[in-house]
Every structure is written in C-alpha cells, then in structure tokens.
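See the structures that follow.
What follows is chain A paired twice: with chain B in the first complex and chain C in the second.
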Partner chain A sequence: MMTYGEQAEGDVRTWRMEKSGKRERREREWYSYLHRQGCQQPTTNTVEEPLDLIRLSLDERIYVKMRNDRELRGRLHAYDQHLNMILGDVEETVTTVEIDEETYEELYKSTKRNIPMLFVRGDGVVLVAPPLRVG
Partner chain B sequence: MSLRKQTPSDFLKQIIGRPVVVKLNSGVDYRGVLACLDGYMNIAIEQTEEYVNGQLKNKYGDAFLRGNN
Partner chain C sequence: MESHRNESPSSGPNEVINSIRERTIAENSMVVLLQGLQGEVTTVDLKNESTARGRVVNVDAFMNVRLEDVLYQDRQGQLTQLQDLFVTGRNIRYVHIPDHVDIMKTIQSQLAKIHRVRNFSSHGGGRKEYINKPK
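Take a look at the complex of A and B:
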C-alpha cells in the first residue's frame, strides 16, 4: 500500500497534488498504474515527464512558440503545469502575412518588441525549446 | 502487437524512444525521437524538425509540445 509520501516523490508531483481534486485523482491513478506494473521508482531515476525536463531549463534562455504566430525568446524564471511562465528579458516576435490584392504576393512582416518581465498564460503556448541555433 | 485492455497507456509506454511524427491541430508537423510524454499528452521530443509547407526550423535537443495542441 503506497503512502502519500511515496506517492509524492518528486517536487513537481507533490505540488501538483495539492491542486484540484480531479487532477489529483488523475495523477494518483497514473502513478498507481505504474506501481501496479511493477515499475521501481527510485529517487531521481523516475521516468521523467516533459515538465520535469522543462525544469532543467529554469533560469536558461528559451524559445517559446505561441498561438497567433507569436514567438518569445527570454529567460525562464518560473513555470507551472499549465505552462504559465514568467520570462525575463524577453523579445516577442509577431509574424504577419500581408497579401497584395493585385499581385497576390505574400509579404511576411515581423514586429518585435522587448519586455523586461513577462507573465505568459499557458493556454497560448504551443512549443518550448532551447533558443534556436540556425542550422 | 495484440490489443488488450489499457492499450492507450501501454501504447504510450511502448513508443517512447522511437522516431515519431507529431501533428498539431494547427497543421504543423514535428518529427523526432519521442523522449517522454505524460497523461495530458504534453510531449518532449529530441532532434526535432518542424515542417509546415516546407522545412522551416531545426530544433536540436529537446522540444516540448503542450498537450492541448
């Protein structure tokens, strides 16, 4: 029988379990499924989920792709399970396509702005990655 | 690969480590090796390449995709 302490191994999982009951039950079911399958879950060798790997990028510069053709580059100060984020020293790029009515050619424009400290709501986030090295 | 109960969870465990194609609702394609995923379908992929109409960006290392997309 698992104790709450065993279940709550890993900071991310503990924190998440304090949130809403539905999510807590879903997390518990997923975790108990792994235990039933006989998975050993020692301290830091647990199967890491994507959010654990994002944790490795804390305080690093990252690239974030968002809905509505927006991109952000900044330093990741904080994040949560919704992918709400706090970014510092960010540069936001908004890309638009203008179409010439006569020639029908597509003109790609991008607008940039710099923001010292930014809160990003997670539902707009599509992708998170280390900054691009053009290849 | 025979189908049993709990197939979605088992499938998710099976495909970890394999090259995959992830297609988002927006139509953008990401190809790479599946590093891990969770119950919300948040995904971490390595060696990601992004395809829209042609190849656009190369992402080396990990790329994280939010599950709702």
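Take a look at the complex of A and C:
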C-alpha cells in the first residue's frame, strides 16, 4: 500500500513502496526509544520480531553477552537494528582463563569495571537477556 | 548536492553530512548520538583492547571517528600522545559517553539538523531529497 502520497508513477511507484516499507520499519525502531521518552507515537505495540523483544526491555536492567568473553550488565536506554546500544550504570565483566603450567589446571579470572554511560557497538553483541537470577 | 564519497569531511559543529546516503544511514541508527558528541572529550575502547581518549572531531555514518589531542593507551598499557587519530568504525567496541551529555536532546538536535538540510530545497522548485515527503 502506498504510504506517502501518489506523486510517483509507473515503475517508480513500486520502488517507492518498497523503500517506504523499509523506512517505516526503521522509524518504528527509532520511535520505540523516543516513545519511552514521551516524544513520539510508536507505530506498533505488538511483538512481531525478535528486536521487539528487546524493545520490551527498554529502561530495564539487562544482561548482554559480548564477544571475547565479555559481559555487560546495565540499564538499556536505547538500541537500534544493528544492536548498537546505550547502557547506563553498566558493569563490564571480562573473563580470562589462565592455565597452570604444572598442574594444567584452568584458573578462571574475571575483571570488572563500572562505567556510567556506555555506547556499545552492535557487532560485538552476542545475546541480550534479562539479568540472570542466581539460585 | 549528492556526494558519492564514502568519507565525510572533517567539519565544524554546524555542518551536516553532504551525502544523501550517509544521511539516511545515520538517521536510522544510533550513530547520530555519536555525531552529536562532536567537540566532547570521550574515551573510545577499541576491539584490540586499546583505548583512545580525546576530543571528537567528526563521526560519520559508518562510525569512523576522528579524534584530536589523543591519549592512546595500547593493550600493554603504554601511553602515547597523538595529535590526530582516525579510528575505523569496525574497530570500535565502546564509546564512553560523558556524564553531562543529554542523550535525548543530542539525538533530537542531530535529527533536526538532518531534516533541515533535507527540506532545504522544498520551497520553490529545488531538487528534493525524497519525491514523496514522509508523513
């Protein structure tokens, strides 16, 4: 269906329809963040695709597993389709394995640090989940 | 006015990206927040475990970042001072956002700049960026 007016004609119209469909989806992702701040109306409230599940966690604390044995725990402020994220009050945990030379025992060490506000590039993200409950 | 270059010019605070393609890419992702950080001193964590702390000169749609007056610490902890540093977007893991930055306002002002440029030629008979104006 034509979303944005009828100026285009012929083949161009089909191309425009496809482009506006994509733009609508992208705008939807944007609006989900802006809506939380009370600025814009979202175009949908239903959960249709996996990214919508992340939308449900906006403003909540989440657990993010990243590449290179890293984990983040923080409050999700914003995200986009690449999974670039903005996390507040985050604790980063880096886990390393050291192997004892003699006993060949594996010693797991983790290093933590706290960062008040962090922009995370999406290509490092492996999974996003609610914070893990112990026990 | 369309530019076919992938690289955006090193610009002052009032200049916007000249490429339509980059504008569209940036507008639909969280990179706009990083673009709004131009002029701020931030720390960028790279994927090779090194960090660069300096003033953000420019960020383009592909998250390539140009920094100036940089203190670069490599993964061994060795510090180097650099006048100018260009980091490819793919090499970025985190960007630390300064505490005093208002994320919502930054994103909104960046989007407003993009929309201003896009609508610049809309009155009169100038070439329009999109034939069908969204909404």
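Here is the rule we use: the second predicted complex is superposed on the first by the 87 of 135 C-alpha atoms of A that agree within 3 Å, B and C clash if a C-alpha of one lies under 4 Å from a C-alpha of the other, contacts with A are read in each partner's own complex, and residues count from 1 in each chain.
Everything that follows uses one rule, which is that a contact is a pair of C-beta atoms (placed from the backbone, for glycine too) under 8 Å apart; a residue touches a chain by one contact, two chains touch by 3 or more.
No experiment lies behind these values; they were computed from the predicted model shown.
Novice: On the A-aligned overlay, A:Asp123 touches which partner chain: chain B = first, chain C = second, or both, or neither?
Specialist: Touch partners of A:Asp123: chain B and chain C.
Novice: According to the stated criteria, A:Ile115 is in contact with first (chain B), second (chain C), both, or neither; which is it?
Specialist: Once the two structures are laid over each other on A, A:Ile115 reaches chain C alone.
Novice: Check whether A:Leu132 is in contact with chain B, with chain C, with both or with neither, and answer first, second, both or neither.
Specialist: A:Leu132 contacts chain B only, not chain C.
Novice: Compare chain B and chain C by how many residues of chain A each one touches, and report the one with more.
Specialist: Per-residue touch count on chain A favours C.
Novice: Figure out whether A:Ile86 sits in contact with chain B (first) or chain C (second), or with both, or with neither.
Specialist: A:Ile86 sits against chain C, while chain B stays out of touch.
Novice: Show me the chain A residues, by the header's touch rule, that chain B contacts in one structure and chain C contacts in the other.
Specialist: 26-27, 30, 123
Novice: Under the definition above, what is the set of chain C residues touching chain A in their complex?
Specialist: Against chain A, the touching part of chain C is residues 28-31, 33-34, 47, 63, 89-90, 92-99, 101, 103-104, 107-108, 131-135.
Novice: Which of the residues in chain A end up touching chain B in this complex?
Specialist: By the definition above, chain A touches chain B via 26-27, 30, 33, 47-51, 53-54, 67, 83, 122-123, 125-130, 132-133, 135.
Novice: Touching residues of chain B toward chain A in the complex: what are they?
Specialist: Contacts found on chain B: 6, 9, 24, 26, 30, 35-39, 42-44, 48, 57-66, 68-69.
Novice: Spell out the residues on chain A that touch chain C in their complex, using ranges where they run on.
Specialist: Within the complex, chain A touches chain C at residues 4-5, 7-8, 12, 16, 20, 23, 26-27, 29-30, 34, 37, 39, 77-82, 84-86, 115-121, 123-124.
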